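In what follows, structures are represented as structure tokens.
Both complexes shown next keep chain A, but they swap its partner, so chain B is in the first and chain C is in the second.
Take a look at the complex of A and B:
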């Protein structure tokens, strides 16, 4: 499965980057491809390349604030959760994504 | 960019005794003050507690990452404290915390600042369970620094 997504937290200093790391580890352990963009105080990092948006099966938004560029996912299935969920139970979240895709 | 640039042994402390969250934050803030990262403890802590009021900074696995942007910050940096007791904290897994990463971030930053990027990089490593296991076993500040620069 090809997963793309964005992580962004309230202060944009720490939770964003922890959420990203947790999601990547959990997705890879479950055998998926994943690319997570971060939107924090330092701006956008690891912006999702267009070709990955095209090939994505699902978009995960682990966000506590409004993010920019949401229109890029107009025709995609989106799962939105707070960063807390991505940090606390990343494996469960990936399972939920798998279920959403198979439906 | 190397994490060595923001990992400052002057503000990495192990073997600390604190009875609660307030005392723990105060001890680490004093370190930041003495090392010239902040110029006022009470206004710094006020901004830290403001961020605390927005949501849990205990990310689970005995780790807390209190942070906030404050006018009292002179230099962006991070104080790391390893405590002998489990300290009560608002955490995602309901456990207390033993390792506290207190971020000092200036309120007047100019966007893509190198130190902020390094802090982000360091925060990302806290999302790695192996790193956390090693940090929880570390005995001194040098060892903590090494874990971050070798992973």
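Take a look at the complex of A and C:
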């Protein structure tokens, strides 16, 4: 499965990046491809390349705040959660996503 | 469905706070540096002034503008670009009528939803399509917000703000201790997160009445990194290992960040053991807050950590309060935390993870 997503939190210096790491680790352990863009206080980093958006099966938004560039995912299936969930239960979140996709 | 709405409301506030943080921090540090070298807030620029006067003036000016930032941020989060104009105006009116932060906060929501409504509902003939975003929506939303702020919500909010100020001004010592305790717990408990920022904005909105609790807030943001560091030395003395190797490495960066009043460096340690850390921080914030408030320590700067001491009334007492709070955090943490192996890497397996609350997930 090809997963892409955005992580963004309120202070934009810690949760954002922890959520990103946790999601990447969990997805890789489950055998998926994943790319997470961060929108911290420093701005957009690791922007999702266009070709990955095209091939993506699902978009994870682990966000506590408004993010920019949502229109890129217009025709995609989007899962939206607070960063807290991505940090506390990344593996279960990936499982939920697998279920959502197979439905 | 209702749940999603609540999450959305919270997201708008958090978005505004995320825009606010760099502004509060930069202005707060300017004010702190200015005050350190005796900078005075200037009202007239005809006479000569020093750089430090400019820094202080700038800090106070920007901190006074926070209602604008909060209302613009909320309104923008709700209505996207059309929300900026009415949000900006609403914040300025909130300052104008003395409704301050609370006025900006509530007004921001109203402005955002009005802008959103206009954006969705207003239909114009084809020739006027270009006028819709630049004239019709801004004018109508500004007009509506002006009426609402000046005639409807503004006056009661301003009255409430004044009432609150008077109440806080006339607290007796035991009430002050309770107040300090509450501010201490609230500022510390989410480690520089949204609750902490809400406290900061609330205190800023109090003006000079917020100087004493502001000192508490700074202290409460620092008890976690300080307390964790003290606990590290305690583990050496009492030979009970409570940190893994990774956590000790984290602490090396977290402590200097803590000196600058940034709690976020402690996150990796906190997340490994959330509940115990929360209890320790809460107790530390409460102890420090009560002492600082009882001693009457006060500061106008909302940021700066140890450096903010130079802006303080009764800085020594404040430092003692900080140390007492940190020690309380350290002791609680040290007692509560389980013995760990230095080489553990705290990776959670899927079975340890908390079940996901389905309400919090939105699939579309």
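Everything below uses one rule, namely that the second predicted complex is superposed on the first by the 103 of 103 C-alpha atoms of A that agree within 3 Å, B and C clash if a C-alpha of one lies under 4 Å from a C-alpha of the other, contacts with A are read in each partner's own complex, and residues count from 1 in each chain.
Criterion: a residue touches a chain if its C-beta (ideal position, glycine included) is under 8 Å from a C-beta of that chain, and two chains touch if they have at least 3 such contacts.
Treat the numbers as computed from the prediction; the structure is a model and nothing was measured.
Undergrad: Answer with clash or fit: chain B and chain C placed together on chain A by superposition.
TA: Superposition result for chain B and chain C: clash.
Undergrad: Just to be sure I read the superposition right, which of the two partners does A:91 touch: chain B = first, chain C = second, or both, or neither?
TA: Touch partner of A:91: chain C, not chain B.
Undergrad: First (chain B), second (chain C), both or neither: which does A:41 touch?
TA: both
Undergrad: Given the touch rule stated above, what does A:100 touch, chain B (first), chain C (second), both, or neither?
TA: second
Undergrad: After superposition on the shared chain, which partner residues are touched by A:79: those of chain B (first), chain C (second), both, or neither?
TA: second
Undergrad: Identify the partner contact of A:64: answer first if only chain B is touched, second if only chain C is, both if each is, neither if none is.
TA: The answer is both, since A:64 touches chain B and chain C.
Undergrad: Quick one: chain B or chain C, who's touching more of chain A?
TA: Touching more of chain A: C.
Undergrad: Considering only the listed stretches 22-30, 166-174 or 292-300 of chain C, which one runs into chain B in the superposition?
TA: 22-30
Undergrad: Of the residues on chain A, which ones does chain B touch that chain C also touches?
TA: 10-11, 13-15, 18, 41, 64, 87-88
Undergrad: What residues on chain C touch chain A, complex-wise?
TA: Counting only chain C, the residues touching chain A are 7, 11-12, 14-15, 17-18, 21-22, 76-77, 192-194, 197, 264-265, 267-268, 271, 348-350, 353-357, 360-364.
Undergrad: Which residues of chain A touch chain C in the complex?
TA: My answer: residues 9-15, 18, 41, 63-66, 77-82, 85, 87-93, 95-96, 100.
Undergrad: Over in the complex, which chain B residues touch chain A? Could you list them?
TA: Contact set of chain B toward chain A: 51, 54-57, 59-60, 65, 67-69, 92-93, 101, 103, 105, 109, 111-113, 116-117, 119-121, 123-129.
Undergrad: Tell me, which parts of chain A touch chain B in their complex?
TA: Within the complex, chain A touches chain B at residues 10-11, 13-22, 25, 38, 40-43, 45, 64, 84, 87-88.
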